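Several structures are given next for inspection.
One chain, chain A, links the two complexes that follow: it is found with chain B in the first and with chain C in the second.
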Partner chain A sequence: MNFDPIFLIGEFSLVALIVILTLVDAMRKPVFALLGSSAEITPDIESRNRQATWIAGIGLVIVAAVYFIFGKATSGESVSLLHDSLRAGGGVYIGKLAIIGAGILTILLSARYTMAQSIPAADYYLLLCFSLLGALTLIAAENFLMIFLSLEMMSIPIYALVGLKRYNSRVGESAIKYLLLGGLSSAFLLLGISFIYGMTGTLVVNDVLTHLSQVSQTVSSEMLLMGLGLVFIFVGLAFKVSLVPFHAWTPDVYEGAATPVTSFMSVAVKLAAFAVILKIFAGSLLFPAFDPLFSRLFAFFALLTIIYGNSVAIVQKNVKRMLAYSSIAHAGYMALALAPMGHNIEAVQAVLFYGIGYIAMNMLAFGVLVYLTYRDKYCETLEDLTGIARKYPGAAAVMSVAMFSLGGLPPAVGFVGKVQIFLQLINGKFYATAVIALLFSMVALYFYINVIVVMYMKEPEAEVANIDKKSMLPVWLTLGFSTLFILILGILPSPLMEWSLEWAKMLF
Partner chain B sequence: MDFNVIMYIFFGIVSIAGGVILVGAKHPIRGAMGLLTTMLALAAMYAQLHAHTIAVFQVIIYAGAVMVLIVYFIMLLDIKSEDYAKPFSKFFWFGAPLLLFAVFYFIFKLSMVIKSDGAFFATLNPSLVSPNAPEAFGGIKIFSKELLTKYLFAFEFVSTLLFAAIVAVIAIVQLDWKGKSNE
Partner chain C sequence: MESSLILLIIILPLIGAFLNGTVAATNAYRKKEIWGEKFAGILAFSAVGSSFLLSLYAVFVKMSGIDSLSFTPYEWLSVGGLQLNLSFVIDHLSAVMLLVVTGVSSVIHFYSIGYIHGDESSVRYFSYLNLFVFAMLLLILGDSMPVMFVGWEGVGLCSYLLIGFWYKEEEKAIAGKKAFIVNRIGDFGFLLGMFLIFANVGSLTISEVNEFFHHNNSMTFFWTNVAGICLFIGATGKSAQIPLYVWLPDAMAGPTPVSALIHAATMVTAGVYMLCRFHGLYLAAPVALNVVLWIGALTAIFSATIAIYQNDIKKVLAYSTVSQLGFMFMAAGAGAFVIAIFHLMTHAFFKACLFLGSGSVIHAMGGEQDIRFMGGLKKYMPTTYITFLLATLAIAGIPPFAGFFSKDEILWNVFASDHGSKIVWAIGAIAALCTAFYMFRLVYLTFFGKFRGTPEQEHHLHESPSTMTAPLIILGVLSLIGGWIGIPKLLSGGLIPNFFHHYLEPAVSKYGHVELHHYSHSVEYSLMILSVVIAVIGWFTASRLFREVKKELPDPARYSGIPKLLWNKYFVDEIYDKLIVNPIKFLATKVFLNISDKKLIDGAANGSARGWRQVSQVFSYLQTGNIQAYGIYIIFGAALAVALAFYIY
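Our next item is the complex of A and B:
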């Protein structure tokens, strides 16, 4: 078999990190800890956590560096690997770097969070790395079998990460809800894939797309069954990116999960799932039989998502929940760019641009919440943020940047992203849709600006709690990097545009 | 109609009935038996499709090993019978007609299309094996060959996925951290 391992250098080094992390922690953890008698092991947890954090953090930076340096050679032309299992090289280089970057930012946030909350860090990072591996193979997947497996690889560790603190009833509820609805969405996806496989006899995405583009426009059994398969696949993926009405799990899970996990879910998982949606629905081949249907589906669901997400977010008192609804609305914006179903590369580029920019915005917003959380003091509600500007001017300032970017105000990267998406709608002559979406992004400004108002202009009712400044450097690294990313690429967006174009070319 | 096709449809109906029992049964053991019915009917369907290897795996692994696990698990949990007496949620009476309507609508739509587009179904092979299928389709030899060449990466990836699932389970059930004693 003709196979050059350099194309999978990112995945391989990540697997190596997983093995190292497993072995090192296994050395320190007696098997019998599982069977009770936990008393003598508990005091040890802090040093174990610190060790795991260092290994995971430095390890992932090394993975990113290795991929950045050696993967560069593969960025020229994409090739199909291992009997059309994965498509590596080419623009996916950018996508993988973005996802590994999101992973690094998550680990930097988690360093403090796991310490403060006494979460068993080795398991936590191990699961995070597994999920990252799933996201990496998902964006490179070339056949439906790999799409399904990678999606599971990405989701199953997240179910466990959400439920790590299952003794808390809110966490338990959100984890079980996520697991059940995630299983349901996988079932939908599989059903769709089996319809498509039954009709085309192939699992390779490109061959399936060729078949789909040749289906005639007249109503026939072939059209009906293939269309049904596509709709089921769309539903399965819409669950993952939480488009309304497949969003029911999002607010509870985002609220119940540890804040760094929430940030990872809302950026990396969403971006990878969107890459698959783009690959299947927005590639260069036109589907004369299905394009009108999916144009309506994308426009309808995206608009519904934007309206629902933004209006419900207004009444939220809990900032994490508010960000969950805002993340639902942002999925709507990304899906909206596909509404014209023009199969043009600019639409794909706009979505990817938004997705990569969204990594920085959401990491920043959740990072501030992590910054202000310590031990029993969760920073989650608007009350917790009231008047913090005086005591923590830095945190308040970067939170404002995040809110500006999420709200789509210049000079943040969110503004450029929104402009590109609305340009797609206008080019596709979706004027009414564009106006409604624009109206609701004005509505969204209310609750984003409200956070800034609360931080700067309201006096806190009680004294703002002191937070332990221990191990704060990693959080500051995340906050600083994300702020720079948002501001620099908001003012000079052309590099990010080029990167997303590179990636779009591969999906196209 | 070919006898094979009739049996295929029969087992299809049996497997759906098993699924309905699984969801509808109030007692978990009855639900487990419904699941067993579904699994065995699926195995029969695989065998009819000439996928003998998959049929054997289905019986050994699912109907055998997995079912034993599930039944043991139900026995271990030892729930008292009054716990099952809960009626369906009120959403059931709202959702079930909706689902039934959707199913019937689909069947209606499909039958309309079949009526107008009968030629397509006439092309389906009554022997239930695709004419494109390789020789000795469904045997263990060709199965292993495909698994270890064409689907090698997916196969290995599944083993990684299982490892991830094990880690996830251990992370969830472990007790050696503060959460347990506090609450």
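Our next item is the complex of A and C:
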């Protein structure tokens, strides 16, 4: 076995960043004030938070640059590492860059949050980096055990991140909910993996899939057991991407968590989990005898998700909650592309395209909320957005771009993504499904456009509050990058199509 | 190298538009100038001018001996069987168009620097003008129908923006809207044609479409003609032909250089150019070609007669443009695509010259456009007068001016071609007579006789500045010599080669060309002499009637009979209002708005929204916040999935 560390250069440099962050913070004396329930920021904490923020921000940019430059050499062909545990190189390069990119955008948004809050910023960034590390290994995982480990490595820091402001009861509640339900879903995942291991005697995904394709179709008990194993795995993963009815944690947690954390969960965690779903269920190796089962499962749960997510989003007054339901609905669209079970690379490519595009649009939407952090309150409800266009025309404009893209209107990237998803359905002759999904896209437009209406056409009741001017630059960077990404790739989508195709080849 | 050359030609005007546009926006916002009209004008002019120089280089140096340069910078979409590329091509056809458009644009940009001087939003003006050139270049150079369509819509947009440039005056804003809406009707036809072609050909690349119709036309005769007619409907919108010509006369509300550039020399000829691009399709669709021929002829005579009784200097020129476009379509309809493009080119020269000349006159008259109150201007503005006269001689078809060669060839081709018709030839000849008459009427009323305006206006009369007269001189000279590159063999006896024909023939006869009936030289000679005689008769009559106007010209309100009919433009606007606009308005407000929209649709939408909100509310009750409930949902979902597994296996 040849092991060239260059293939894991991204993970290694991220670990190095984690070590540096820990060591530097450990040099300072502990801040006991944070253990109490006081929300005061002392100058000591402030300087400490600033230090951690800078290290994390610059560090992650360096990690990205290192991976971008040195990892490029690996983008040619892919190799299997550590006894088929991880696949590295090839199109995985694209996937990891997308995940790291989402991480950088999150950190840029976080600066405004960690500088102003009495939370231990070093812990915050450590947890974020650990989760990012988990996401990186998750999309490269080749082995069910590795998948499980990575999934936990990605999720557990998020549980803690959600609950970082533990003196706030709403926050604590959502963290606990997330933890308990996450445990339940992990149990399902493990159960599924053990079924599979029991039937095939291997944990390597490709071997399992090859084994499945060789199973004799006549022995139906064998088919049933393996089908059950896959179903349990499906349930575990459906929880992570929040398909209905495994979604219930999502609105509470998204609302309770800090906005940057919410944005990270909604894009990076979701995309990584989807990469695993694609690997197991959409690849060409899955035996066609399982198609009837998973075709129905994906169609049913995806449609349910789209209907439920879009409907409930309409009545939300809290924008973060609205975006949570929107994020549920978007997972539905991504899962829907798999309903035809065509095992063609185009379906995989369509989902990845959508997922990468979704990073930009959701980051933009949440980024505007972070930007509009007022002096005395967060921007969370529709009321907080009312009539802001006059005072903050830039923020209102980019928010409109995000809403257009989320609603799937041209010329935004969300439109191209939706078109590709629907093409999959049409090609698979899922006409009724496509029509229903399309109808609910129209329902979705109602609440997306409503945000624009509220920002531009409603007069605010009181004067629009002044926003806090601290650390605006990183937020502007996020907003600018995401806007450009959405518009440029919306008009000229073919680079993103190529990237997602490269990545799709790895999962195939 | 070639590719970056093409890209540069296209992108330079866009950069100019972007820079000026940004500055115009910030100037208005900040009330502080980043740069003013002078720099904006020079920037816009140099963007288009360099585009022109690069085009010259590309066409004469890079393309010598080569049939075409093509360039695909970007693969736009590749979904299923649909392959959309952002691709450009310079072949001999688009090369001619490219040179005409960038050349005339450069001249007119230069003229605009003087003309728009002192306008508060001149930066915005130059931004639009550059954007127009960019869109026009997309239209000309695009090798696939979608790219062409983007350009097609882009020029429509710029036309709208520039007609309504002084949007604070309601009448001008309305003219802009009219142009846009009428064009949209045509665009609908273009789109339909595009869909028909894609459904049958499976490709939207223009060369492939032509190839398809030439070699293995598996489309039925009927649908081929329908596709041709659909595209032509698009052309009637953009190129102001019956029944969609009504927007062009109103479009004269825009600044005069815009009328010269967009509504005379370039954009309105896009329809003719598009027909020539699709000559492979049209040669396979004889019925569609016949429709083109007849519509062109009818438009030519129809608007030429209207022009006789108009008193607004720009309106006369507008109807003249419509009529000349009709001539181009006649040529295309007769299958003589080379001649259509030839007339397009000479027309660009002399009509741009006429419009710019009229701009110069209007400038001197302090905004007065009614020729009843002009007269005797030649002694005040000699340069304008002489160039205007040159262009008039050209449009009237007096040899050896440019228009003579192209118009004579059109009539000859209509007469002799397989696709032509003798009746259409007669119509064309009468239209040519009218043309000579109304143009010389315009010249005599404007430049000859005594001044009929107010003494105050007379006091202000002056020749325009050299930024405005220099373009006039250039275009005036081109109106004289522009036709010499296409002297028919009959006249030169083969001594001077017909450069234009030689250059263009390979590009537009690749997919077969139309044979002319064999006639003896004497027939051709006599037709040529006849067309000169016709022009001279028109000139002579106008000279007798209008050279020295003694008494005051009649007030149009007192016209009766045929003059009244012509002064009112055959009441076409009124008929459209009665037959189409008013019924639609009635339907829109009384039926659709009040009944179906407010009651049915709003009712249904609000009702279902209300209903659905209730469903949503019920759904959101599921979100109890209670973790046990959430766990149960998960178990429930898992149970469902497991049950399905048991059911299947």
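The rule we apply is simple: the second predicted complex is superposed on the first by the 484 of 508 C-alpha atoms of A that agree within 3 Å, B and C clash if a C-alpha of one lies under 4 Å from a C-alpha of the other, contacts with A are read in each partner's own complex, and residues count from 1 in each chain.
Operating definition for what follows: a contact is a pair of C-beta atoms (placed from the backbone, for glycine too) under 8 Å apart; a residue touches a chain by one contact, two chains touch by 3 or more.
Owing to the predicted nature of the structure, the values given are computational and were not obtained by experimental measurement.
Q: Quick check for you: in the superposed arrangement, does A:220 touch first (chain B), second (chain C), both or neither?
A: A:220 sits against chain B and chain C alike.
Q: Have a look at where A:126 lands relative to chain B and chain C in the superposition and call it first, second, both or neither.
A: first
Q: Applying the touch criterion given at the start, work out whether A:76 contacts chain B, chain C, both or neither, answering first, second, both or neither.
A: In the superposition, A:76 contacts neither chain B nor chain C.
Q: Counting contacts the way the document defines them, which residues of chain A are shared by the two interfaces, the one with chain B and the one with chain C?
A: 220, 224, 228
Q: Once bound in the complex, which stretches of chain C touch chain A?
A: 74-80, 609, 612-613, 615-617, 619-620, 622-623, 625, 627, 629-631, 633-634, 636-638, 640-642, 644-646, 648-649
Q: Which residues, counting only chain A, touch chain C once they are in their complex?
A: Residues in contact with chain C: 173, 176-177, 180-181, 184-185, 188, 220, 223-224, 227-228, 231-232, 234-235, 238-239, 244-246, 248-249, 251-252, 292-293, 296-297, 300-301, 308, 311-312, 314-315, 419-420, 423, 427, 443, 446, 492-494, 497.
Q: Under the touch definition given earlier, write down the residues of chain A that touch chain B in their complex.
A: Of all residues in chain A, those touching chain B are 1, 15, 22, 29, 33-34, 36, 38, 41-42, 45, 81-83, 85-86, 118-120, 123-124, 126-127, 130, 133-134, 137, 145-146, 149-150, 152-153, 156-157, 159-160, 163-168, 201, 219-222, 224, 228.
Q: Considering the complex alone, what residue numbers of chain B touch chain A?
A: Touching chain A: residues 106, 109-110, 113-114, 116-117, 120-121, 130, 132, 149-154, 157-158, 160-161, 164-165, 167-180, 182-183 of chain B.
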